[in-house]
Amino acid sequence: MEILTIGLLLGATYALIAMGLNLQYGVARIMNLANGEMLVAGAFGAFWVFTAQKVSPYVALLFVVPAAFGLNWLIYRTLLRPLVRRAKNRGMLEVDSILATFGMSFVFVGIMLMAFGGDYFSYSYLAEPFVIFGSPYGLNKVVAFVAAAAICGLLYLGLNKTRTGMAIRAVAVDPAAAGLAGIDVPKMSTFAFALGGAVTAGGGIMLSTFLTLDASIGVVFTMKALIIVIMGGVGDVRGAIIASLILGLAETAVASLIDPGLTLAAAYLLFVLVLLFRPQGLFGRRPS
Amino acid sequence: MTRREIRNTILAVIAFAILPWLPFLKDSGYLMSLAIPIAMYTVLATSWALFSGPTHYISLATAAFYGVGAYVVAGGIGVVPYAVLVLLAGVAGAILAALVGLATLRLSGVYFVIFTLGLAEMVRQLVTWVQNNFTGSRGLYVLTDITERIIYWELLVLAALVYLIGWIVNRSRLGFAMRIIGNDELVAAHVGIHSARAKVILFVISGIFAAVVGAVMAPRFTYIEPSLAFSPELSFQVVIMALLGGVHRLWGPLVGVIPFTLLWEVIAASFPTQTVLLLGVAFLLIVYFIPQGVVGLIESLMRRAGIGRGSGDG
Amino acid sequence: MAEKKVLLDVQSLGKQFGGLRAVDGVSFMVREHEVMGLIGPNGSGKTTMMNMISGALKPTDGDIYLEDRLISQRSAREIATAGVARTFQLVRLLPSLSVVENVMAGAVFGHKRLWGRELEKYAVRQLERVGLAQAIHRPVSTLTYIDEKRVELARALASDPVILLLDEWLAGLNVTEMQTGIALVRSLRDDGRTIIVVEHVMDAIRSLCDRCVVMSSGAKIAEGTPEEALSNSEVVRAYLGDANA
């Protein structure tokens, strides 16, 4: 029972990270391998706010998230748009964006190493027990769950009930057709990419309240976000949420029942199963 | 054979006749410390390009195979003869590559890249887990009589092998199939090519080489730890060097390996804390400004100047 | 006179895309040495039909038999190896290979398997057959549109197919090129090739095809010689609307 709750709590936070990547890959068609680094950067922001400024890390949300939005906007306009223009087809764009964001991830890690050093960092915030069904859980994890649920809900509503959301979904399905329908595709792609980065950084802040991180751990989160996005079906919000919960549960189960050092192996196992049996994910379209 | 191929073969034969004598020169210690990494990266980058060049599937898993090879040696040294361990490392590399390939190569390149991104990290975690729970200690000692010279010669043999196999593949049906797949996978299917199978075979070849290199280099470590054997920087550097040189010619990666290795020695010494950052910047520069690699750039400039050859690889 | 052997037998073939029934219960046969025209207005399902025959798409229901072998749920690769070759609506050449290498590609892996000197000579013969003998070693990017189509045709011929699918091969050609193109396809027919032709150009249909199948909105609405098919009132209605039937 405990495993179930912890798994769901963890899964919800993973959902935030995956949501960010979903927007970036599903809409802007950028396979952003630096996604995990954006998360760690957000976490560093919260850490700094808490330890240096002695203020609740949730305050970091107020300025880290907009900063992440701006930073990702810039990254897309300056670094990624040239690739979009240069690519002759979708396959080439994917390869180019993978290489470029891979390089970026190293640049980010390098910057963070220089700025914060290579040590692990963590802080204790809101770690008081919060009782659910008779067992205590960290309040910080519960808050993260609520925040993740709220943000996912907002995103889902935003994508499905607003005009901008519909434009974004149209670009995700078919950028060429969306352009013909009068949608400003480059602007929507930039917006989606920036929004994705902001959501990811927000997820990082949430995670930092109860996880220990270091400058180079980004790649593990990138992997998990990628696995979730593929498991759920690229571009699909419900799919990403369900897949995140599955991953959170699977990891917690493996960590509690087998060994905490095998969480990535557990994620990979899920990934292999998806690739072998349903590569388009839970809600994705069959790949052509 | 074309005139260009004959020239290249003669150059290669001369090179392989001269290079083994390097350890007998004066100051050979310093030369070895450069020659061994250069030889190692040449094998790794060339075998990487054998697969990732024609298919455009970017493998980030070199460290996974390298580490597996190193651990096969570290685990069996003293118990099993070294030569057998090297062979076993190759087999292990082949099995790992086959598993990864069969799972991912039927699908588009994105799945493959993602899978390889975390593969080294996952294998590292698995090895750490095994070591923590079953063998007690974190690292393994590799104590052998194998000198740097022997390692150098082994690497030269591997380099000769990788060029030989690359040359054979390029002239074979498999090489032709790979060129077609790299151009248009739909057409490849419509002319009867089994794309997944061809990709897996090539990936296995490159995996074997990476694992054997790991096995050959293991004695140089003396003490192997998971984070040493499965270093993500290795995967990254191999990709950079191959892309820098150019992956469309068999000798392209070599053109990237030599300057990069030499430059890296200088940079790692002068800016030890910024190596990661600089790797990233170097990578971005290559991706944005010389995507075809130095060799590709030179060849396209020559084409524009009218000094030309027809299309097709050499 | 003995009836010619049936090479392709399409039985109640259907293809569903979500809510759209692109092809619905279509059946026809193609016999040896005949040229069959697959015609119909835009959106009638002709290209979907071609894609199912060549294996680029899998049918949702129905069967396709090639010389008595069931091919309908097989992969494009298996179908190509069994002897189905095609050209594409938008020409798909291999950009980094030379002209002759593009043609060689068709004769190495599938229905026809050659290698080495023999392969190159054979490919050159195919290029001569389609009238491109002088362009053999040129890079593909220098070709004119009709020459690109010739290369693709040569590649399809190189596999010595049991049945050749030409998907709007004459599309986009000017008047002179069209005449050359029709003459070329006619010469293939004279060689005894079995061909399915999807076309919009009625002249071509009339002069090339022995028989036609007419599709509209996914279903077959007529079958017969070109004269029979094109004078069928339903066919006229499908193309031109009710007022003209």
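To keep things simple, chains are lettered A, B and C as they appear, and every chain counts its residues starting from 1.
The rule is simple: a residue touches a chain if its C-beta (ideal position, glycine included) is under 8 Å from a C-beta of that chain, and two chains touch if they have at least 3 such contacts.
Computed from a predicted structure; not experimentally measured.
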TODO: Write out the two chains that share the greatest number of C-beta pairs in contact.
DONE: A-B
- [ ] Compute the centre of every chain as the mean of its C-alpha atoms, then state which one is farthest from the centre of subunit A.
- [x] C
Task: Between subunit B and subunit C, centroid-to-centroid distance (C-alpha), Å - done: 44
Task: Distance between the centres, which are taken as Cα means, of subunit C and subunit A, whole angstrom - done: 47
Task: Cα-centroid distance, subunit A relative to subunit B, in whole angstrom - done: 31
Task: Sites on subunit A touched by subunit B in the complex - done: 31, 33, 79, 82, 91, 94-96, 98-100, 102-111, 113-114, 219-220, 222-223, 226-227, 230, 259, 261-262, 264-265, 268, 271-272, 275-276, 279, 287
TODO: Would you mind writing out the residues of subunit C in touch with subunit B in their complex?
DONE: 54-56, 75-77, 80-81, 85-86, 92, 94-98, 101, 104-106, 108-111, 115, 137-140, 155, 159
Open item on the list: If we count contacts the way the header does, which residues on subunit B are in touch with subunit A in the complex?
Closed with: 56, 58, 60, 103-104, 107-111, 113-115, 117-119, 121-122, 125-126, 128-129, 132-133, 232, 236, 243, 273-281, 283-284, 287-288, 291
TODO: Sort out for me which residues of subunit B touch subunit C in the complex.
DONE: 173, 176-177, 179-180, 182-184, 186-187, 189-195, 310-312
